[in-house]
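Below, each structure is written out as structure tokens.
Two complexes, one shared chain (chain A), two partners (chain B, chain C).
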Partner chain A sequence: MIDRASPFAKNPKGFVHSLPSRAGLERLLPLLILVVIVAAIMLLAGQLGIVQQRRITLGFISMISVVGLYVFMGNSGVLNFSSVAFMAIGAYVSALLTMRPQVKATFLRDLPDWLASAQFDPWIGILAGGLVAALVALIVGLPLMRLSGIGAGIATLSLLIICYIVLGNWTGVTGGQRSLMGLPTYVTVWNAGLAAIGAIILAFIYQESRSCLALRASREDEVAARAAGVRVVRERLTAFVLGAFICGIAGVFYGHFLGTLRVENFYLDPTFLYITMLVVGGMRSLTGAVSGVIVISALAEILRLLEVGLRLPGLDAAIRAPAGLGDVVLAALMLGIILFRPQGITGGREITLRGLRD
Partner chain B sequence: MTLEASAITVRFGGIRAVEDVSLRLHQGEIVGLIGPNGAGKTTLVNVLSGFQRPRAGRIALNGEDATRWPAHRFARNGVVRTFQAVRLYPGMTVAENVETALVGTGLGRAAARGQALEILNYLGLTGRAALPAKALSYGDERRVGIARALAMEPRFLLLDEPAAGLNIGEAEELDRTIARIRDDFSCGILVIEHNMALVMNLCERLHVLATGRTLAEGTPAEVMANPAFKDAYLGADA
Partner chain C sequence: MSNLVPVLIDAFSVGGLYALTALGIGLIFSVMRLANFAHAEFVTVPAYALFVLSAQPTVMAISAAVLVAVVLSLATERAAFRPLRGIDPATMLIASFTVSMFLQRLLVFAFDSRLKPVDPLAFLSGSVPLFGVSVNLLKLTTVITCLVLLVALTLFLKYTRFGLEMRAAAEDFTMSRLLGVRANRVIATAFVLSALLAAVVAVLFSAQTGFVQPRFGLQIVIIAFVATVIGGLGNLLGAAVGGFLVGVVATLLQTYLPPDLRPFREAFLFLIVIVVLLFRPQGLFPARGLKERI
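Up next is the complex of A and B:
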């Protein structure tokens, strides 16, 4: 850029030095609080039985995915129904890389030889799952990121449908409509919790970046952001790719948590569940994304217990809710939030010691 | 340095919004763009900032063809505009509104945070830094719009009705601010304005549009003496 006279002396270093370290710490506080909360849930889960541990593990996987969804949808304000498609891509990529060759030979006849005969480390599967999802996001994002509003909603929903149909019919590679069985089930509450913390840290670093500030400006007013030099398509694409990477890793964990992949596991049900979590928590802040997962997961668990029949100590009869109550309550909660608190329970703000703040 | 529009034509359907208009803005001068409602003033500013592709004609920045540049490229090359409706980022604080523009010029976030306060101070907005933009009064909102534009380090500043909705006192103060910005930033300023008294005072040159065409141009005194201008803009009996 050409040198220009400015009455404001540009001295970035001076500001960094004059910045009190307390202010720096205060900016990190939302991240620290969220990490402590997740770590506390991990420790709590360690004290619980195996069934509850699995429930919490599933909650952590949802958390990774919702954080990935937040990175794009929260910061850009653009509707996105495709996050579960990227989970599916991550899950299947990791499955194909980490399954035992004998198992692959039984189910999958169209794999290339190098893949059919190989079995990679789980780490490779996690990374590759995230990276392939990110790569697909980069390719489809180039045309898609020009859209916003209903156009973006329809386009990303189409993406989810395409992904579902391709995975469901590419029988020689994905197993198609049959289940793909025999994934190594290495996922525990510990590594899922750590992955959730990793996703939160990644999202926080991104959110503090210049790129994200520009993206948020375009969310507030796209025209004004362009007038301020924001390359809207490029900033959206950055968030879309990063979000897909995180969702891809969520998919890897989901696959290796279940041990069996079915395409139905990566379709509308989880899509709407994750969007509900993000909207209920407050999609404009990372705190909102994380707290939405915690609140909805806890609520869903309570409702599930009620549906099964909850026996309270000292009470003879079990309290039993009608089947299907869980879904109804979640839908009603979503409706209530949209009507009465559209910024979600956090109001779209980050958490600090003094309460929720911008 | 010059921002130059040559023989610009813009049509919306069958309507000629701007027809064969040429305008030149030099660094360090203030040019008033005036004309009745619907004359094509905002459309011309849209063309000059990359928000509207002209049907015909050419935009040049320092001789370089900028006709097909996207809006963000104009902004990044120092051609910065404001909006008649201001268009702040409502959910962000005043400081963040300015920081966003600063990081667009390549500043880091920490540096932008400090410099945003300086710019707000320059415009007398220090006390507003932490407020959400949607909580501002109308006058403050307009000044934050200008602060955001200044953060882009403009070489050419295009102000679309900056005084709209301000009372006389506020508008006069805004005029002094615009003159001060020209002196401090040595940028060229194009200002759309309806208030003739303010325009006469502030601008070295005027460019008058009516129904999309150039009606008159020159110094304020020349334009005022122009019979076509008297006829069309002030009314025949003025």
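Up next is the complex of A and C:
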């Protein structure tokens, strides 16, 4: 299951040390291909109109979040519904740090003085958003990582619900049920794309590490991995914290993309969407995570265009689907993919040139 | 005593609905290891049937709702869950999400997402005296209906052939097949029972809230889900107890929490859930035969 191109395994003729650079390249290939694909989408987006650019930006933000979800759920095989909660934490932390003090004074009365009067650089917001999410993950993960299977699913779902309720009712700090307005909107297709590439690189470095190999071993067989000396809880916690960091940053970008935060934006709908994207792509590989986002986002966009009315060249009448049908068809397509390919589009494999040739 | 009775009736009318929903989820889980999130739509769709038929006589509307629930559950089983039988539970759970999402969006497409008024049990709006306090008739009916259904389900599982097959399948699915239990039939029975319970929940819950919307079932199913896991997935008694327990704890938190913290009531509920899971990962009443053999 673990596809690693080591120079020893890949050389059939016995020249063990003859082609180390080629073997190293082959090992990096999935990463290179994914980065090139994302960069190509960025360049393509540069040629398109503002509406399409915003759609693609949103797609990149989903990609960051799904990669963050993959880091834990894909590598450990443990169900996780809490990734959007960490997005929410990142988004709110960054919002509180980067909003103008005048805006904070009108909406949020319970902030400590140092926070109420300060306005930090966006960079600090991004970093702090990710780090606070990671810190929260470290604290809650310490007990939670002992769970697996449906129990882990329900526990992380409970975490999401707790986060939603606390953010929605802590009115003096988060604005509660009202929207939190006035976030600086600095997110463009370029910086969101670069952040997505950063998330992919981070996830790839992690998945090539010793820690992640041990975690994957525990995914295949928890008891055997324990017997072989894998400290399952510690490895899961590492992945959980790293995943939460990436999701926190996804949340920061989401908040500063919208400019307005509502707790409803960080609840069940995006949770289901991101998990479905990961499963449709194939949750056991990074390629799967990235391709799931691209496929679902592209399908959603095509269906949206059909709803608006698509005018084909050479045809007089526009093809137009009734409003709301797109959502139905999208859900049906996602279900179809899961039914026919339960392991996802990629089947859990990474992309390689060998795979493309065959 | 006089102020305790309404609180208890409240607690058990909420807990009863959770228990019925948790049983509906637990029945399917015990025979095919599917944690069925689409149960939310098994509740929502019959509630919409009640809305569509609100001009018809009550008996007709309710029987139509039951019929709709049964047809829907059998159709989902055939189309979505049968092809995935035997696959790992996580993928099945996610498949049931997409089924749920599909049905929910279909409802939005057909009815839009605004609230629709329903009142299937309008004749129960009064109250009756009980132990010296007046008790809402609808809540009392809910409690009694839940208890009657629990007893009926127990008798069904204990004393009928179908019930025996279901208990055998829950214990060890492969072994029960070897002994002549038909897989398709026992799973279909579980889905039909689950749909019947869901339809009852739809009638009672929509009568309590007075409206229906596309996420009508989701709020109750999420809590029931938690109840199923707390009770011990795969254990029906555990599911029922878990449902009542969650409802009672929620109502008690609502009543006795200081007003400042009351908005955070459900946060406390789910915190308790996490704590229970940490100490009893298999639930309070672990099911037999669920522990993986090595």
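Here is the rule we use: the second predicted complex is superposed on the first by the 336 of 358 C-alpha atoms of A that agree within 3 Å, B and C clash if a C-alpha of one lies under 4 Å from a C-alpha of the other, contacts with A are read in each partner's own complex, and residues count from 1 in each chain.
To be clear about the criterion, contacts are C-beta pairs under 8 Å (C-beta built on N, C-alpha and C of every residue); 3 or more make two chains touch, one makes a residue touch a chain.
Everything numeric here is computed off the predicted structure, so don't read it as measured data.
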* **First (chain B), second (chain C), both or neither touched by A:328** => second
* Applying the touch criterion given at the start, work out whether A:213 contacts chain B, chain C, both or neither, answering first, second, both or neither. => first
* Could you say whether A:264 touches chain B, chain C, both of them, or neither, answering first, second, both or neither? => neither
* Answer with first, second, both or neither: which of chain B and chain C does A:110 touch in the superposed model? => neither
* To do: Could you say whether A:348 touches chain B, chain C, both of them, or neither, answering first, second, both or neither?
  => first
* Asked: Regarding the shared-chain residue A:225, is it in contact with chain B (first), chain C (second), both, or neither?
  -> first
* Asked: Is A:121 in contact with chain B, with chain C, with both, or with neither (first, second, both, neither)?
  -> neither
* Mind working out whether A:276 is in touch with chain B, chain C, both or neither, as first, second, both or neither? => second
* Can you list the residues of chain A that touch chain B in one structure and chain C in the other? -> 223
* Where on chain A does chain B make contact in their complex? -> 1-2, 4-8, 10-12, 14-16, 18-19, 208-210, 213-214, 216-217, 220-221, 223-232, 284, 348, 358
* chain A-touching residues of chain B, taken from the complex the two chains share -> 49, 51, 70-72, 75-78, 80-83, 87-93, 96, 99-101, 103-115, 118-119, 122, 132, 148, 151-153, 155, 184-186
* Any idea which chain C residues touch chain A in the complex? -> 35, 80, 83-84, 87, 89-91, 93-95, 97-99, 101-102, 105-106, 108-109, 112, 218, 222, 225-226, 229, 233, 263-264, 266-267, 270-271, 273-274, 277-278, 281-282, 294
* Spell out the part of chain A that touches chain C in their complex, as residue ranges. => 77, 79, 143-144, 146-147, 149-151, 153-155, 157-159, 161-162, 165-166, 169, 223, 268, 272, 275-276, 279, 322, 324-325, 327-328, 330-332, 334-335, 338-339, 342
